[in-house]
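One chain, chain A, links the two complexes that follow: it is found with chain B in the first and with chain C in the second.
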Partner chain A sequence: MKKNASSLFFSLVLAGGAVQAETVFVTLEKDNALAVVDPVEGKLIKTVPIGQRPRGIAISPDNKFLYIATSDDNVIKIIDAETLKEVGKLPSGDDPETFALNPEGNRIYVSNEDDSMVTAIDIARKKAVKQIKVGVEPEGITVSPDNHWLISTSETTNMVHWIDTKTNTIVENTLVDPRPRAAGFTADSQQLWVTSEMAGTLMILDAKTKQIVKTVKFEISGVTADKIQPVGVVIDKDRARAYVALGPANRVAVINAKTFEVERYLLVGQRVWNLAFSPDQKRLYTTNGISNDISIIDLESQTVTKSVGVGNYPWGVAVKP
Partner chain B sequence: MRSIRLAAWAIAHLLIFIQLPGVEPVYAKAKAKQVINIAYLTQEQNVPPPLSNLDPFIQNKGIIGAELGIDDNNTTGAFTGQQFNLKKFIVPLAGNVADTFNKELAGKFQYVVLNLPADQVNQLADLPATKSMLLFDVATVDDALRNEQCRSNVLHILPSRAMRADALAQYMMKKRWTQWFLVLGPAPEDHLFADAIKRAAKRFGMKIVAEKTWEHTFDARRTAQSDVAVFTQVDDYDVLVVADEQGQFGEYLDYRTWIPRPVIGTQGLIATSWHRTHEQWGAVQIQNRFKEKAGRWMEEQDYAAYLAARAIGETAARTKSADASQVKNYILSDAFALQGYKGNPLSFRSWDGQLRQPVLLAAPRSLVAVAPIEGFLHPKTELDTLGYDQPETQCKWDK
Partner chain C sequence: MTDQPGANLYLSKGRRTKQPGVRLLHYWRAMWGIISRELWRFVTQRERFISALVRPLVWLFVFAAGFRAALGLAITPPYETYILYEVYITPGLIGMIQLFNGMQSSLSMVYDREMGSMRILMVCPLPRWFLLLSKLLAGTGVSILQVYVFLAIAWLYDIHAPWQGYLWILPTLMLSGLMLGALGLLLSSFIKQLENFAGVMNFVIFPMFFMSTALYPLWKMKESSELLSRLAQYNPFSQAVELIRFALYGQFNQHAFIYTLAAFLIFMTAAIIGYNPSKGMMTRKGGG
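Moving on to the complex of A and B:
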């Protein structure tokens, strides 16, 4: 309650003064570049070369650094979020694609798809400190907000691995629907939401029992089931709504995060993969790989307000306040 | 006091770092393992006369795929407490497959991956010892084995000739290349492929405007230079469809026809379950893993053997069972969904044991399309627009 009041106060202050627009960063897999977008103006500000085949992207909790997996360079680059200059490299292992930052921002966990490993990297020391053997083709990776769990999903083993961040060992495995892609925790760390690309489903797992408590099947009239390939998933802070990118179905599903009902499907660009909230969670940004743009969704009105052309194969998205 | 604590802290951290390079994977819980044994049975093959020196003959097609599938199963098995073992039986050229089967496999295995010709598959399937087994055919493409000669203990992984011909026909229909010139070789397999082409033509409204059997030599130099141009002087057509499964002359048709027309079928644009040009839907990952293991590209039989092993692994993980009858029930159920790096989940047709799957349409160095082609609709799954659908099947088995 207190938190809500303060964030309301914060947004009022913002509304009163000059609007301080956030910056949206988008990795462009085929352009070897990073697109910088002003989402309020709905404009591409600039595109900067960033390295070979950039995919995964995250911003440090203090918003000072961007971490970008440049897959064909086999590193994760550390980029100054202000100057966009490279300030360091992290030893990610071969072909890094997806990774996750811990809440403190001092560890990065990388999925090494070809080696069936997750590598834990100490950011300050720029060193790999642990390799954890997981299932075949690890893909989705996330850390719970309470920093208790590191989650790795393996696409061919069809499992969610629960890794204790203190010991860096797997404590439990949950068998899920085929080809699990992305995983995301609710803000209270109580639930883990996991998408299955092949089954076209979203599964909600209880973090205590590690069991699936609900499976949501996406169905859209006029779109065949095999086009519905859920990928990115985000849940808002209040656990009111969650959003799932449905890949080649070109839609984002809006889900009531309490009843798990699908409220609507929002038509966005082609092959929508990854999602990010604006810091105030009033907007959602989507990367659309084939239509080469991002869609901006206004979450109050639940409508797609804009699409901004960014470059070839937009993949990952991160937002700086 | 403080310095001692600090030293202990330092040592503890040092140990963590020292251990790093050879870290042993730590698995959840050590339980008694459930062991699942899978046999792989094949026979040595005569090296066929080479068409050219381009592609070396691969003697071990299939085996490495099965091994990769077992590797993947065991990675999963490490978490589910299941251990998968592969035992390979390679019958010598002069050996007798049924004898080897009765002596080495009967009563010892519930799951057998067969990389054998059609007649041998059914010979084995009819042995009393195989009644309680589940046989995975990773080599045949015969429609007869999936229809009137079907056996209830056999699952077929590779797309049948009919599925391949339908895939080609769907793409030709999309391109509106509807007038076909069918050229077939003298081998019985070529006639079977031609039959599948004729069936597909009828299903998708294509017209076979000319049909000829190749009766010239199979000598590359002569064939290429003169015979093809003369041979292909027929009434106008849109595409030349070649049926030459052994690859004895088909490669020489392209660019040498009398009028400029593309070649499709067993050469030119081919219909296949797997191809080196395929990279979508995570395929790059398995192409890389296979190449690292085998030192060569993954062939169709490798892909099929991989899927056979994975089908057993996936089912065992889901059912927590090693029992063949339970596994079979699950495999043929609607719940079964296998990730096969082709977009759609793969499953088996309950009426003939055929693996339901997308079919790739590939040119030598580029993936042209993936069938089912968009727009070909089916009330249940568009994958069933390829091959013999349930109402057409002539397979009658008691499950």
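Moving on to the complex of A and C:
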């Protein structure tokens, strides 16, 4: 009996101690696969074939499904996040790369770069419900957390398009620095942060006035300006800090989201493009396209703790709790 | 030297006693005499303290700054992610501090011999190996002080290691300091005059430092020369640097530990033989 009690105690301790870590999913553009990473152990768990040239990736709000843009298949695949089996397809139009999921998780907006369009897809019906004409080469795309705004940035027209999600029409355009690459809202939907790949800047736009309130220029000692090409941008829930992936500069910029000062640059792998927070926002994951790995950043200590090899050309990243 | 009479006093006191307890005290007094003399020398010679720090700091601030982007292409243990060149070079510069310190001790041995103070040390009725080991410990203690001051400045320069690393390197610094100090002792047994010390710089310090993993990792050297990477691999200084590098990140490099320990034992034995008046180089060279 004593033995049973002690073994029960130990199994309880073990069960309690084994914290279920989140899972990181990374699309591998060249391997046509999806990498599954345990970020706490810092290990690649497995790689599964997923389709031709997978790039953009998002997870549904209920964390049950992954949406992956397989560019050369010209679809967005719906993948069961547990079994990693394909359970459906969405008609994305040609060569889908970037897309955004609305907060309810019932609609996906896709940038159709070649057609200068944004396609709105009803996920339940698996049908395109609206096509919105935007500027040339739409790239960055995001939906405000209050579901009011759909943002599309066009790389050649150098514009941010403010699209009302109720009417699916452009309400206003803001001219920004050349080649706006990615956009992200603050959690309160008050500010929109946009990166300019060519100017090497980050612009903060006020959601009310739709005007730029601040432009942040990045400078890194020992790195030439042409290497600083900002892409992915994320802002934490408390609007304390924001993080910008600086592409071939191989750094992630840490920005004070209140003062807009660059606090530091963190060295990660080569050509860092996309970023994702862990659910508790204690870690940040980066995809490093050329060095074929992801870097794990501990946000409390603001240090890069590990870089994990995942496969060829890691592109997008999504995290499941 | 102001403390020489003190050291002399300890030694002459020891000669009169034979009981084991007192004899142990005698050993301790002699060792402390040597160590405190070295520490006192170090503290009073401000120029020496500053120059010992300036050398690695120049490398860190000037040399490493120029090569910032040269590295960071591959991840090698103990590092788990990409690092700046400054971070890579730091353990190498710690090694440099200890290497120069070892050689400095060797220089001071030659000086002591020229000035005659070594004769006083050597006539002390304690085993020669013990006196040499004490001398070595004194030099190592000084180099450890230098290393920690260097690490504190590096910390301000944003070169951070896990806090445990700063504790872990202490025993490794002892071993690496002893090994490099023993090499210095061995060399000093060969050098007759201070003027010959330039040869030590050219033929020992520079090749040892540059042909090591202090400045470049082995894989980087392999890209340009297989021979160079092999020489670096067998260089005991490389192994000491790797031992320090791993310890700074809370890891134990067994291979580097065994290699450094073996090198220490070989150098130490050779130095003890070298300082034996009947067998060693001192008689032949006419030193002491």
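In this section, the second predicted complex is superposed on the first by the 304 of 321 C-alpha atoms of A that agree within 3 Å, B and C clash if a C-alpha of one lies under 4 Å from a C-alpha of the other, contacts with A are read in each partner's own complex, and residues count from 1 in each chain.
Following the convention adopted for this analysis, a contact is a pair of C-beta atoms (placed from the backbone, for glycine too) under 8 Å apart; a residue touches a chain by one contact, two chains touch by 3 or more.
Quantities reported herein were computed from a predicted structural model and do not represent experimental measurements.
Undergrad: Please determine whether it is chain B or chain C that touches the greater number of chain A residues.
TA: Looking at chain A, the partner in contact with more of its residues is B.
Undergrad: Under the stated touch criterion, which partner chain does A:K237 make contact with: chain B (first), chain C (second), both, or neither?
TA: A:K237: touches no partner chain.
Undergrad: Taking the superposition on A as described, I'd like to know which of chain B and chain C A:S116 touches: first, second, both or neither.
TA: first
Undergrad: Between chain B (first) and chain C (second), which does A:K30 come into contact with in this model arrangement: first, second, both, or neither?
TA: Neither partner.
Undergrad: Give one of first, second, both or neither to describe whether A:K217 is in contact with chain B, with chain C, with both, or with none.
TA: neither
Undergrad: Contact-wise, after the overlay, does A:K130 reach chain B, chain C, both or neither (first, second, both, neither)?
TA: In the superposed model, A:K130 contacts chain B only, not chain C.
Undergrad: Check whether A:H148 is in contact with chain B, with chain C, with both or with neither, and answer first, second, both or neither.
TA: neither
Undergrad: What residues on chain C touch chain A, complex-wise?
TA: Answer in residue numbers: 65, 68-69, 72-73, 75, 80-84, 160.
Undergrad: Can you check the complex and tell me which residues of chain A touch chain C?
TA: 42, 221-223, 250, 267-270, 291, 295-296, 303-307
Undergrad: Over in the complex, which chain A residues touch chain B? Could you list them?
TA: Contact set of chain A toward chain B: 113-114, 116, 128-133, 135-137, 154-159, 161, 169-173, 175, 177-179, 198-199, 224-226.
Undergrad: Which residues of chain B touch chain A in the complex?
TA: Listed in rising order, the residues are 16-17, 20, 23, 25-28, 72, 75-76, 78-80, 282, 285, 288-289, 310, 314, 317-318, 337-339, 343-345, 381-382.
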